[in-house]
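To keep things simple, chains are lettered A, B and C as they appear, and every chain counts its residues starting from 1.
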Amino acid sequence: MPLCDAEKTFVLHGVDANMRIDGREREDYRPMELETDVVSHAFGSARLRLANTDVLVAVKIEVDSPFPEKPFEGKLEFFVDCSANATPDFEGRGGENLAVELSNCLASAYRSNEALDLKKLCIMKGRKCWKLYVDILLLEVGGNLFDAVSIAVKSALYNTQIPKIKSIHVDGSQIDIQVCDDIFSCTRLDISGAPLMVTVCKIGEHCIVDPNAAEEQCSVGAVVVAVSRGCLSTVLQTGTGSFHPKTLKECLKLGFSVAQNLEDSLMETLGEIKPNQDVGFLK
Amino acid sequence: MPIDHKRINPPEDAVPYKLFTKLNTKSSQEQYQQILDKNQIRKDGRHASEHRKIYMKTGVIAHAKGSAYIEQGQTKIVASVFDPREIPNRLDYCLKGEVYCDFKFAPFSCPKRRLHQQDSQEKEYSSIMKKALEAAICRHEFPNFQVDVYVLVLHNAGSALSAAITAAGAALASAGIPMFDIITSSTLAIQGKDVLLDPDFEEETLSEIAIEKEHGIIVISVLATHDQISHFHQVGNLPLNVVSDSIDILHKSCKEIVPLVQKCVIRSVLAGISET
Amino acid sequence: MAESFRVLHPIKYYRDYIASNVRPDGRGLHKFRPVLVNIGSIQTADGSALAKVGDTTVICGIKAELCTPKPECAREGFLIPNVELPPLCSPKFRPGPPSDEAQVASQLLANIVKNSKCINLQELCLFPEKLAWCLFADIICISYDGSLMDACIIALMAALKSVQLPVVDYDPAADSRLVNEEEKKSLNIKSVPICSTFSIFDEKVVLYDPTDEEESLCSSTFNIVVREDQLSSVHKPGGAPISDEKLFECIKVSKERASTICKLIETAIHENNT
């Protein structure tokens, strides 16, 4: 729903007074709900609800051959699917651009080996590797998609179990891989470097995080800051506005500090999740 | 891969011969060590903070409204802009005009052959370019219309995206599309403590790989008169203070390109006047 | 005034010009536009050339890859020419899969290359049934202003002449290949076909080397391909008919033009090597 000018002014004044329309301060997030292991057929999955934004992420694993120029590395691919129910804008092919933007952003955030070490996904040099397909389904859009998706992806990767390899037989060009019989003996991914993205929105004179759909409409420009292990892994602008260098630096600083707090609380939450908990909306 | 019935198809198992050369054995560390010597001089004789020479020309495409050709070192790019046209398949009225960007690498432009269909990197670059140019164009001047900007990279010798944005800006200006300012763009590659302005292809590829913990590539585009950054894009793994410092370096370098684009646009205007 | 007349009544506009034996761009009816060839400007390609015919600019880059030959012709390599007409080159083209015109141009070019036997595909084979070169010749139009085939063929032939392939050591027993990049050799180009385009205006006047506007107003366009003073092919896909004597006249002119352009390519190659 497009806002009228009066409504936009109201949002703007709220941000100015550090009291946003839903009662938050400028650096506050909305409440989140996180579940992992919700899709039984996937190797790992997570569902995140951030107020009205709802994201489901599932990780699938396949055996593939590595790129000839990177024989030691596995592969990682992101695919974003926008459910037509998520927002009225997604009807027809409306969500395609957003989906491409999201998957590009994720791909560049995970491109560095510091973020996720793809070398761990190598099975046999130059011949076989694991390929992770990360499927992201947007169930409902209520603003701040980038943050929600990055948290959900990180949680899903945390939850992902990679089968152990028992033996590899090489017979000329044929490679036969035997996976361990015991379904519970799996390796987990090291996700300590998996980046979290924070969208910093500039409204009026101030920057805010976690904008809701109404605030997103009022912003002249936004920066998505992806942080991994205390470093920026990707920064990109969304929306059309331009920034003064000084403002941009402030945005980066804010996004950086918020991302680190978010990282701490997410890791704490993920640590609390016990295996075989019987919760989740699909169970 | 599905067969493309609209083109002449090659055999399916073709592989680049570079994979079988002797030189292929060098590790990326070794390759990287050769890039910069102790005095911060690069392989091509440039200082680490030196931009390559730029040659620019407008009006290279006969039937385009505006066009530009840029040569930045060995990187060669053509950009063309066509008349605004009505947005296809659009029912509601929109207050602001739209910009459509199409970024393409020619199949022979990179060391590895590119396919004819747009791949994900080209799509990503298209959307970055779109965002960078949207901030520079007075879109309220042509409501309900769309401007098409096409970019073709003939030879990618690094920093293709920023060269493309600069060229597209000049093409837009020579097409007479209303703009707030001239847009220029610059790239920075970082690996460890080395900061390389306007990297070539090898430097760019090596900076994407984590040889040291801190590495990455930053591309920004600037509207110089108003000191505005119209687009900022970073990948890799960089601490906050390095990124902040890089913004200043890039901002300065973008400003240095402006007079060149100005000269080029003035030349095309003068040529237009003398014709009529 | 003249500009709006040109837009509103293009045919009448042209008729007036042609009645006084001159074309709107100042050329006589039987004049070709200047041709420019530049070789080897793209280092990422194994061979490259840029050809300009008037305002039509075409660039051809050749990339070589290794592949296995087809079982039915086990001793032959491949040359895959594809003409690309990107939306960049003219407002006529839209983004998406190749337009009809691009498909026709690719096929026509492939036929000309095949029929003129300018390159012996057997020389591209490194070991029968096992290993062969596949030359990807991508011909991209940068600026489109008529007589596309002329420019495409010049660019392709000049690029083929500039190709430098590395020497490959192949051991069939172990299926191992070793490419020696320090030692390179060029291709053996047997002959150089040259294409000339003509248009028929108002069913009787023949225009040489038409521009895009002329091509669209003319009732028929045809190509004549000449190879070493011999007629190689005439491609006239329907349209207005042409009398024998006029066609012979065109063939004669094409032969003269072909020898000039061949010399031009030779000079360009020579300058590139020195």
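A few comments on the model shown:
By our rule, contacts are C-beta pairs under 8 Å (C-beta built on N, C-alpha and C of every residue); 3 or more make two chains touch, one makes a residue touch a chain.
None of the values given here were measured: they were computed from a predicted structure.
If you sketch which chains touch which, the chains link end to end in a single open path, with no loop closing it. Highest inter-chain contact count (C-beta pairs) belongs to B-C. Note: centroid distance chain A to chain C, computed from Cα atoms, is 49 Å. As a whole-number value, the distance joining the C-alpha centres of chain A and chain B reads 27 Å.
Annotation for chain B: residues touching 2 or more other chains are 15. The touching residues of chain B, counted against chain A in their complex, run 15, 19, 112, 120, 123-124, 127-128, 131, 134-135, 208-210, 213-216, 223, 226-240, 243-244, 247-248, 251.
The residues of chain C lying in touch with chain B in their complex are 41-45, 48, 55-57, 59, 61-70, 78, 80-82, 84, 86-92, 95, 97-98, 102-103, 106-107, 110, 134, 136, 138, 140, 142-145, 166, 168, 177-181, 212. Taken together, the chain B residues at the contact with chain C in this complex read 4, 6-11, 13-18, 20-23, 60-64, 67, 74, 76, 78-80, 82-83, 102, 104, 106-111, 113, 116, 148, 150-152, 154-157. Taken together, the chain A residues at the contact with chain B in this complex read 68-69, 97, 100-101, 103-104, 107-109, 111-115, 223, 228-245, 248-249, 252-253, 256.
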